[in-house]
């Protein structure tokens, strides 16, 4: 499903964020990405949906070779991936409902389908009563949940979460985790960068630890530990 | 934000429109002045009636001549003596031996051809000499041509300015949306999908922005025209009648508004679509 | 962003400057045309030399009179006969009994006072009648006054437009900074502390934006003026000499730029300081 | 130091975020604010440095009565409080160094003092090598650490942190916590909204639990629990 071969990423300012990562994540896997602040987790994730391009190395996502794919196909790639961004990335001028609906309109879904699906996911993240709010009228955790709802509304084959519980209380975090597990059970690949030790240690899954842009550990049922 | 863009378009098109009307009217004045230019052909006093007929035919047959009028010297003298006013009586004795020539008054099709026509006629038989105010009218032509050229340059300059300023304004409003466009792209929107609303917005912006200028200019010019044509004192000038002028201006403003709006909008969004 | 603002200011001031020069020149033409207006006072043929002297004194003593010239009827006849050209000989016999009057040529201090002066003179003793081209010149005054008023309105409108557009542009650039200003306030910055850099920026923006227009207009007008004064064909018009005109324009543009820049900048930042 | 008396806050859109909170926090205290996502923690915090004004009730911070204080004194209030915002609030056009220095320039500190202090706090949050980076060139956790550095650089008498460890790995989080404890030991009042159970349960301090805009619990040495 997702394969990387000796991938390097150096930002224009000279920071080497990813230093030779090779990895193979199969369809239906659930993978935690752990690592210290600034280790390169977000950079690793951004390369999968092509927000960033590697300086070197090959990345395959599904049938796409990200290095050779046409510019015009990038939207198709992105539609097959649901992303929860670390900084949420909600459209400030759209309501909660519209923000989520937008991700479906892009697929040219019908109006009534959109309405139904959006209300369903809002119910799951317990924000149905805030559907008509604008992002700036929400608390940090609420914004994060909107971002989660948007990521899963299209039933993508991969869901990538960059610290999806950073602004959530433990209870809500667990609800989100159970939701992700459920989605994963239906065959969706899940990649999740996180600092949440409790979660990683309790809900045992494959753990990839990144340290200084390198994979320092890759355990099938690992705990939260990224120091090598 | 949108208000800012629309109002920028509005103000700019108002200036363009007002200026266009001014230029068209200046042009119109110039045309009128030029139309008055005529050549007076003084016929040789030795000419017989048949010679005069021949000459009249010759002149009429010139392609660059629009109209020919004949003023017999008796009529010329009448006009001259009448023009003397109170002193007319002192000139009555001129009737005994009329010192004037018969005159053809010739009008060229194009005012600019006046000089050339006058020279051709001068070379004909039985022509004593020709007169057409060489000095003044040469300068007048130069002046009206000058006004035309300056007017054209100014209006082009203003249009360019309008396009630039509007595009600038739109660009600024879109810079504010840079982040939004990036987010849309990350969520899987195609360029076309993102561009579409901007296209519509640009169009609306341009057309909306041109409405107020059109209404104001139409109303304003109509009132101005009515006021001016009522006041006898301005007979010296005549202004273009509102009907055709206003249609032209309105059409131009809507088109400029729409084109500039759409163009500015798409140009500015283009930059952010490359990611 | 800053480039966008500066270029908007530049373009706008260019238009204002060019237009200002045009209006000033039109005004100048109008002045010149008006300056030519003179009154011809025809003295009663019965008047004695002393009566004429008295009349001349009376006319000169009018406050609204600038210059008086005396043309004896003999001189007038000479001029008339000379003006007849080839036909002059036929008029020679007029010398036996000169049909003309002695004439005072009077120039009013203000062209607009011409009519009133003429009426006053008309009421004096020994005046046969006065002539000053009532028809044409009344219209001419109306026309030049009209041009002046239109010019004034246009330049005020353009200045207003410039202020509006520049403020608009600055506002847009500042909307983009709304968040930054809010953050600064949250970190404990006073309004004055935040405003200061915007003040400087507005000033710089305005002054920078006026530089290019000044250079372009100075260079352009100088070249234009040289070209025009070289070409004999435009003697009919004279243009304002570059020196004073350019200083005026440059000063106006810098001031307008600075005032508008600072004003627009502070106005737009003000809105975000209220929190 | 901080006193609230029957404080209510209703946002313009009709959401009642704080519903009658009365509290007294003394100089030098260390207080955790816990509660579910959307409970009203951030709103509570924002009222202290007057980003939001209560709809009803009185707030005293130091000698300031926030309801009656003059508009022109707000900057003075804010300078005496260091805030770590939930969404960081870094100035995007300024480098890391400039962002922190700005908070000192506001106090009209001298250039060399600024330089020294800024480099000191950057050292503490381990970002000395990123001083010349722009915020968008930083990882989420790095941005959060800049925000923390800015909050403490002026040695304010109160430090308010809105989930300061949300984007940080456990190790870094503990470093930050020790830093806050150290500052607290020097007499600085610390208010910290957090979802981090581990920290609250390990580093025992006063815990104020907010539920639905009301104080549901106020324990001098409490644990992480906000359900009443």
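Worth a mention:
A, B, C and D are the chain letters, set down in written order, and residue numbers restart from 1 in every chain.
Definition applied: a contact is a pair of C-beta atoms (placed from the backbone, for glycine too) under 8 Å apart; a residue touches a chain by one contact, two chains touch by 3 or more.
Not measured: the values here are computed from a predicted model.
Between subunit B and subunit D, the least number of touching-chain steps is 2.
The chain with its Cα centroid farthest from the Cα centroid of subunit D is B.
Subunit C and subunit D, compared by their mean Cα positions, are separated by 65 Å. Subunit C has its Cα centroid 22 Å from the Cα centroid of subunit B. In this assembly, the C-alpha centroid of subunit A lies 70 Å from the C-alpha centroid of subunit C. Shared contact sites, meaning residues of subunit A that touch two or more other chains, are absent. Subunit B has no residue in contact with two or more other chains. Judged by the touch criterion defined above, the protein chains form a single closed ring in which each chain touches exactly two others. This structure has the following touching chain pairs: A-B, A-D, B-C, C-D. The part of subunit D that touches subunit A in the complex is made up of residues 11, 13, 15, 34-39, 41-42, 86-87, 133, 137-142, 144-145, 162-163, 166-173, 195, 197-198, 224, 226.
Across the interface of their complex, subunit D is touched by residues 179-180, 183-190, 193 of subunit C.
Of all the residues in subunit D, the ones that touch subunit C in their complex are 49, 51, 72, 74-76, 78-79, 83, 85, 89-93, 102-103, 106-107, 150. Every residue of subunit C that touches subunit B in the complex is listed here, in rising order: 1, 4, 7-8, 11-12, 14-15, 18-19, 22, 86-87, 89-91, 93-94, 97, 99-101, 128-129, 136, 138-140, 142-143, 146, 150, 154, 157-158, 161, 164-165, 168-169, 171-173, 175-176, 233-237.
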